Amino acid sequence: MANTVHRRAFCLLASAFCLAGAPAFETSALAQDSSIRLGIVAPMSGPNARYGAFSLRGAQLAAKDINAAGGIDGRKIQVFSADSQGTPVEGVSATRRLIDQDKVDFLIGDVSSSVTLAMQPVVEDAGVLLINAASSNPKITYAAGVGGFKWSFRNYPTDENRALIVAQYAAEKRGFTKFAVLSVDSDYGRSAIEFTKKYLPRFKGQILSEDYYKEGEVDFRSVLAKIRDSGAQAIIMYGLADTTPIVARQMTEVGLAGKVPLIGNGEFNTEKTIKSAPKALEGAVEAAAWLPGWDSPKSKGFVARFTAEYREAPNNHAYVHWETVNLLGKAVEAAKSTDRAKVRDALAKIKYDSAVGEVTFDDHNQAKLPMILLQIEDGKPVVKGAYSADIDYPR
Amino acid sequence: MLFQISEQIVNGIVTGAVYALVAVGMTMIFGVLRAINFAHGEYYMVGTFGAWVAIEYFDLPYPVAIVAGVIATAFVALVIGQFVMRRMVGAPAEAGVLATLGIALILQNSVILLFGGGYKFFEGGYIEPVTILGVSLAEQRLLIIAVAVLVFFGLELLVTYSRMGKAMRAVSQNVECCAVVGIDVRKVVVRTFVLGAALAGLSGVLTAPVNVSVYGGMGELITFKTLPIIIMGGLGNVRGTFFAAMILGIAESLVATYVGLQFRDTVGFATLMLVLMWRPHGLFSAQARY
Amino acid sequence: MSLNESSLPLPGRDLRLPFGLAVVVLACCAPLLLGNYALHAVIISLIFLLPAHGLNLLVGYTGLLSLAQAAFFGVGAYVSALMAVHWGTPFYVNLFGAGLVAGVLALPLGIPALRLRSTSFVMCTLGFVIIGQAVAKNWISLTRGDMGLSAIPKPYFALGPASFAVSGTVGFYYLVLAIAALATFVVWLIVTSPAGRNMVAIRENETLAESVGVPTWRYKLVVFMISATFAGFGGSVYAHYLTVVSPLTFQMSNSTLMLIIVLGGGPGTISGVVFGSLLFVGLSEALRIAPELRMVAYGFCLLALVFWFPKGFAPLITRFWTMLRGRS
Amino acid sequence: MTGLPILDITGLSKSYGAIRAVDGVDLQVHRGEICGLIGPNGSGKSTFFDCTSGLARPNAGSVKLDGQDITGWSLNRIAREGRMLRSFQKTVTFGALDIEENLVIAGQMFTFPSVASTFGFGARSRARVDGLRQRARELIRLSGLWDVRTQPAGNLSGGQQKLIQFASMLMPEPKLILLDEPMAGINPKLIERVVEAIRYANEQLGVSFLVIEHNIDVITSICQRVAVLDQGRKLAEGTPAEIMRNQAVREAYLGG
């Protein structure tokens, strides 16, 4: 008996070692070809998995279409993906795997700002070009370009930009002065509120209460009741898309719906979200990098293409990743090479026509992009305009 | 002000009822197995997913979906009970910790593999608000409270009068003696396990309409909420667990309102630690089981 | 644990010395043999080895099942990060600062916690992790909350006028290897000392240990503090390696990983824990080949461990040692 | 039997809730004596032992060891500083460790404040451990356990484990040993060996004993003096012969 147990034990051990050893041997098998090796770091599991799934599909769609059209000067884009789980530690591991294992030259990632911040030093060490497409924390580009990290770029507007636009619109167009804060407890949610606080006095607004919910929180009744009794005119929410329907439904329950709108960001505008609690979302104001209803030929084309491919409408993250892969393609084309340094220099000088306007990068490697402002009216998102704001870099 | 507090207390009772339904299974399993089930929240998740699949893929009405969710959970629990939990009888505490952590990983990630990691939208349920004494509540929440009370009443009857209940009590008192008097300890463990898991599943299905979103990681949060409850309730003590769950629900609700939502998830463990400083064996005696 | 084998004749050849040398050579040459990514996995394993050693003293030698390691790991990471970012102190100062703060913090936490028994103690230690995370999230003026502390400098050493920074994966590997080797040596000193014997006595039977004059309460408290110190060291290295810390450093999955390393590797053995950290952290990294199945496979590994290796790999390791020693 | 008693207990009381388990018991153990403690089940013998040895705290009364008041000291401190050791009925060895380790642990008696001695640094400390090991081997030989010395103690029979425990208690050169039913649950053949061991320790090493035992033959053969407890009170005290003749004692056993 003891013998069999041990034999089984040794087999298990041996297989475990083979597994552990496998990556070491795998590398040599990958021959260098002239393809564009692109890594996508995104949260494929965990509470942000929805974002990761859309991100990857957007990027894959772009690569597929570029490759179908013959690639960039004949070079095909090869997409490798790795799961960050939305946590910095896993994100760093995923990044290292893409760099060391899959030998990628270019990286796009992550959605979560905390992960992107952790990835920056890693790509800097490795000399791999990172184009972030979906993190909004301003610090990412404070530290990039002339700020330090030469290999980090961002093709996404920042929280600072967004906070200013939302505050301005709420105060000037809607006449709100009393706000309650209910944001996600992450660097995205917290920093957006930080910047809101910076700009709110300019519009004579004040914050009556401030609450942050954890990713995965489902019970908002207590805090919503408190907000109802505080007399706030609007709830500033920088939240997660998946939480919005829960908050909206519970707003209906405690009697906030139709009286106090949500303003901020958190996919208020998708059909499904609105359907979950139409009354609560009526009048909601959102600032997003993009939305499916954005009226430009390129944008409409993307929505049609994505829907045809995946039988589901794209979200913001799908768009930004799709657009960023295309942007990278243009940079490779301009550099006439897949050499990382040359592509980086081309990217810094690029003028790219995106679906929301022309993209150029400033000396902090931050794309100058507008934020699109929309309001839910009669159960439909209505675009109220696209606003850009200059970033006030700390000196 | 008084109205506000009473409204928060009602909110707390609703939350407490959900916790109670999950925690009671966990505490019963602890009673017969002497092992903390770190996977217990996952059955809550499995139940919710069962109901979600019934509604989404088979277009079944919500009441049928409740049954489907509970049956799905019971089935999963039966498989796990037969293959894993049975073997945990008499195993050291470490083995229980590792095994249930393993099960939690398997269940959670299998569901993510099958249905994707994103949040699902749960349709169905009775979400229209009704007003009782000025407090506005979704009908579903009243249903949750009613079911929780019924379940606890039923459990009291079960453990006091039924054969299985008596066997459960016996096993939780003394495993060695059970073997002597001819109680099949393993069978009792598996049955208790399935019952406990099914209650967690029921709780998940009932809560889904008000929580709206369904996702693979939802069970983990519930596990963390129930752990302090079962300790405070006096491990294995059903009645104690019910009151501990209510206390925690109300405490969380008050903290979320008057301190800040971000401190809500800390309430459970903070309370637990304070309670343990004061009474190292929990609020309710572990002796008075069931 | 038999310590009197010297009086017995050895029938076969003693292979321990050559084996030890082979391990040393292998460890020193690892950067030549492994790719960058595998080396990264080894670095993470060696970092987790530090808190695992601490936990082994607690679980394996003293018999106290604790989930608090991640809390002290997080404290160490934050202390080190704050010192490096705000004061620019050299690495070794941060390392010792982190260990010291974690160890000292364990005193007021350990006094009430160690009064509890079995399950309550486990839950209380889990509570430390949860509350640690809440503190890291909400004490924003110090920890910057969820934004975390980033741009933690590379470990640098300032010895008199000379100073040099450790950079690159290979450099870091040797740094971590040195720290891990030193920690392993310290653990060996502890467990083979009279104090180590007393710890085992507490694990085996606390009342009996009391009756032969072991001050069990003080022992448990001191071991809890030592174990926290090791976790603090680990957190410090971790912070410097990843260059970011966030409240997620305080999470139960870190505690459970450390527990898996110890219980799976072989509680109460040093080589088991070293082996466990390489195997389980390595396994987790290796399973990235199939990311979707990774955690499911990991779960099955845990179940396999419970059923087939209820004592971890310790019995296998003992057999291996016996083999090396030349006895059958 | 002259001079200061080695153990002097006065008015020892302990209650659990409303139950007075031990109620004002006085007892002395003289230097070099083997004193027996008997009584029917539930008479408070074990509680009396626990309070004396420091495992439980008495509600009232005092315990003096060699003239020093040790009331309320912890079990480990009494063992370490007072050199008064006790045995247990059920748990008797560190099961996973071999016999030698069991004995060495019992012999260590370390004072915590000294880091060097705790962690075994330095030649003196190492020499001390070597000395302990030497002594442990002697005792193992004397106990007749040499052949099984490398086995984990938990694998041995109950009687062998009791012998190990007894040998363990001789390691730190004790002044007084409290034995809690040393003969319970052991093979009749081994009883003789345990009795021999007690005699050896008493006569050769000068250890005093207080013994709880149900086996009256053993008590009469080894004890110079016997005390009887009943319902938490001391019923009688005297030589074994006197006790056997005592009418009250007979009634307590038969009537109880």
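Chains: A, B, C and D, in written order; residue numbering restarts at 1 for each.
Keep in mind that, in the parts below, a residue touches a chain if its C-beta (ideal position, glycine included) is under 8 Å from a C-beta of that chain, and two chains touch if they have at least 3 such contacts.
It should be emphasised that the depicted structure is a prediction, and the values quoted were computed from it without experimental measurement.
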| item | value |
| --- | --- |
| Set of chains whose contacts include both subunit D and subunit A | C |
| Touch-network distance, subunit B to subunit D, counted in steps | 2 |
| Geometric centre: closest chain by C-alpha means | C |
| Far-end chain from subunit B, centres as C-alpha averages | D |
| Where subunit C and subunit D are represented by their mean Cα positions, the distance between them in whole Å | 41 |
| Rounded Å distance between subunit B and subunit C, as computed from the means of their C-alpha atoms | 33 |
| Interchain centroid distance [CA atoms averaged], subunit A/subunit B, Å | 35 |
| For subunit A, residues that touch 2 or more chains besides their own | 44-45, 185 |
| Overlap residues in subunit C, where contacts from two or more other chains coincide | 137, 292, 295, 301 |
| Two or more partner chains touched - positions in subunit B | 109, 262, 265 |
| Pairs of chains, among all present, that meet the touch criterion | A-B, A-C, B-C, C-D |
| Sites on subunit B touched by subunit A in the complex | 4, 7-8, 11-12, 14-15, 109, 112, 116-119, 121, 127, 129, 136-138, 207, 210-213, 215-218, 221, 252-254, 256-258, 260-262, 264-265 |
| Residues of subunit B touching subunit C in the complex | 30, 36, 84, 87, 91-95, 97-99, 101-106, 108-110, 113, 224, 227-228, 231, 235, 262-263, 265-266, 268-270, 272-273, 276-277, 280-282 |
| Sites on subunit A touched by subunit C in the complex | 5-6, 8-10, 12-13, 16, 19-24, 27, 44-45, 82-83, 87-89, 92-94, 96-97, 99-101, 113-114, 117-118, 120-121, 125, 137, 139, 143, 185-187, 189-191 |
| Complex contacts: residues of subunit C adjacent to subunit B | 59, 65, 112, 115-120, 122-124, 126-127, 130-131, 134, 137-138, 252, 256, 259-260, 263-264, 267, 292-296, 298-303, 305-307, 310 |
| Complex interface listing, subunit C residues touching subunit D | 1-4, 189-190, 192-195, 197-198, 200-201, 204-205, 207-219 |
